[in-house]
Amino acid sequence: MPRVTIHRKAHFNAAHRLYKKEWSDEKNLEIFGKCSNPNYHGHNYELVVSVTGEVDKETGFVMDLAILRKLIRSEIEDAFDHKNLNLEVDEFKDTNPTAENISIVIYNKLRKKIIENLDLSIKLYETPRNFVTYSGE
Amino acid sequence: MPRVTIHRKAHFNAAHRLYKKEWSDEKNLEIFGKCSNPNYHGHNYELVVSVTGEVDKETGFVMDLAILRKLIRSEIEDAFDHKNLNLEVDEFKDTNPTAENISIVIYNKLRKKIIENLDLSIKLYETPRNFVTYSGE
Amino acid sequence: MPRVTIHRKAHFNAAHRLYKKEWSDEKNLEIFGKCSNPNYHGHNYELVVSVTGEVDKETGFVMDLAILRKLIRSEIEDAFDHKNLNLEVDEFKDTNPTAENISIVIYNKLRKKIIENLDLSIKLYETPRNFVTYSGE
Amino acid sequence: MPRVTIHRKAHFNAAHRLYKKEWSDEKNLEIFGKCSNPNYHGHNYELVVSVTGEVDKETGFVMDLAILRKLIRSEIEDAFDHKNLNLEVDEFKDTNPTAENISIVIYNKLRKKIIENLDLSIKLYETPRNFVTYSGE
Amino acid sequence: MPRVTIHRKAHFNAAHRLYKKEWSDEKNLEIFGKCSNPNYHGHNYELVVSVTGEVDKETGFVMDLAILRKLIRSEIEDAFDHKNLNLEVDEFKDTNPTAENISIVIYNKLRKKIIENLDLSIKLYETPRNFVTYSGE
Amino acid sequence: MPRVTIHRKAHFNAAHRLYKKEWSDEKNLEIFGKCSNPNYHGHNYELVVSVTGEVDKETGFVMDLAILRKLIRSEIEDAFDHKNLNLEVDEFKDTNPTAENISIVIYNKLRKKIIENLDLSIKLYETPRNFVTYSGE
């Protein structure tokens, strides 16, 4: 059977700051620039979740998009939307919420919920000009 | 010679419904939701055709984009644009026109017309939030 | 108080055809071209609803966007999404579902639900290249 | 001389929360929903500044875009980008940073810097689906 | 009858430079910056043509979009696309091809071809961040 | 450590023409069509630079985006923006500035400046409908 990738776009808004607890304010400012602002700043994160697998002969689907959409809502949007990532999302208590690390967290959360024979990939836009991709490698 | 991928974006509008003839209306509704509406619904399909190969030393082209553009027009746009995919496109007489299956049909139609040493890949947006990719694997 | 316009983007997919019952198939084809295909075609309609009024001193809102979003969902998206506009939407039983007429129908439906001291305007994209605006004039 | 409008797009990221100091947390939650999160959330604000006036016969310009670009940078981007609007921007110390109020603040800041015979208008995207316009009326 | 605006998006690529013949190279550089490069630079111009009028009761159209599309092609795209505006387009022989002036030229060319009871407006993107609008005022 | 790709979008405007010095004007016109116009035409080139590598445990970065942004500015934007690629950019003195060849030149210029254990990939939009990708293969 042919292998196709389906992509679903989603969205969440959140506040964050980039910093490392162990470092002084000066060092954080030096490394992370204005992204280390202790009062936080924020983004409209645009998320694309991609799932690759064989097309089911009966349905013509790789995976039911309605199920994928609900999964993204419950696992990611409900957990991250209108939140302060540093203060309110457990995964970033000790992890710097860079776009790289957010994409890894999203991958790991969804990976547990999608059956193993389907491949998973994450694209995350922090701004329209800055974005990351992660495929679990 | 370096290998580059060229991408060309195209567009067609069409009506379709998702359903399986052998199933009852109830089962089709259960599996395909409102996409199984017997009166059809429709989309602005955005298509990206990607062709990979060595850059020709004379022209600096992988493939003449004017030729690719005409090929997409004659093979895909003329065949699908302003059509009812279920009723008027032969390839979907017995195949459910999911985005997955439409991308496979487009790939197969173009694959025959593009010389073998060039790789081909299809990206098809059913909506700005739902899209698929297929590379013949 | 300053007058500001708030805009909310929404989305629905639908099938339609352009034709006039009183005309022959030949005349419909002549006037409406491939848009008159009796088997229908379809679009991803992108809708922008704009509401203008004074900014409320207490809330800083012209109108609660959550209310506007729900209004668009119940009045427009639920009524039009995944529908055949000609066959399943009463307002187009005797009205040709051109983008112009769809925007007038949307305006009239929402106008009844939004208080009179707020101005209303509709922008409707039939495709990314073809769109209309209507403000009740 | 013909009157033309020139538009310049800009961008800033910021954190904010919607709330009214005089109200209880319960009332703020009721009115502003998850936007009232005391830990803040954030957005990529996209800004379009529009200036209308007669085209200068010598230059063919309404206004030198390089000057407008620098004005937006110094007055708006430098003041708002990577900031917490509630805590770090004076204009929102006692004003709820709704999109409506942010657009009014931006208008008022730029209005002082652009000569009077040029009209000014502000469009501000809080998200790709929610945006506002303000023209000083 | 309700008055609706229809919008049609079009596209052309062209080279240009901004300069005034009567000025020295130094003065041109001072006023127009790198846009005055004597070797030219270029843009993908995105054009939106808007036509406002009463909706025809028979067709549901303000104006047949197929006619508008052909008019834009013959009057604008064929005349400007893949051209050097300064050297090859008569209207810019003595007029600086700023976005402002290009929008006025487009307006004037189309105004002659569209019947008087329809209003006309032009939006022209020189880049995704710089654009102009002109309505004949 | 997980491997993530970071992407940074940039922009430059330039004039160019496609032609081969050794060919007659007739042959150039035959092969390159209106792109061979001796007076040049131009584009808004949109560039996406992608860098893949392990996420640094300290910073959560694959590479500091501020450094990548400056590198793109100094190596690509300063060299290409508002230039005539054929006349003013050394790399195209003897190389036809097709999108394919521009992407190879960009790749080669950046490859020298980015440490070897990071992979590099280039996406270049010549127009919104025509674009290329190159990864050094």
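Order of writing sets the labels: A, B, C, D, E and F. Residues in every chain begin at 1.
In this section, a contact is a pair of C-beta atoms (placed from the backbone, for glycine too) under 8 Å apart; a residue touches a chain by one contact, two chains touch by 3 or more.
Quick caveat, the model's predicted, so the values are computed rather than measured.
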| item | value |
| --- | --- |
| Common touching chains of chain E and chain C | D |
| Farthest chain (mean CA position) relative to chain B | D |
| Chain whose average C-alpha position is farthest from chain A's own | E |
| For chain A paired with chain D, centre-to-centre distance based on mean C-alpha positions, whole Å | 28 |
| Where chain B and chain D are represented by their mean Cα positions, the distance between them in whole Å | 41 |
| Cα-centroid distance, chain D relative to chain F, in whole angstrom | 34 |
| Where chain D touches two or more other chains at once, by residue number | 128 |
| Those chain pairs that satisfy the touch definition | A-B, A-D, A-F, B-C, B-F, C-D, C-E, D-E, E-F |
| Touching residues on chain C, where the partner in the complex is chain E | 18, 20, 31-33, 95-101, 103-104, 128-134, 136-137 |
| In the complex, chain C residues that touch chain B | 11, 13-16, 34-35, 37, 39-44, 81-84, 87-88, 127-128 |
| Touching residues on chain F, where the partner in the complex is chain A | 2-10, 50, 55, 58-62, 64-66 |
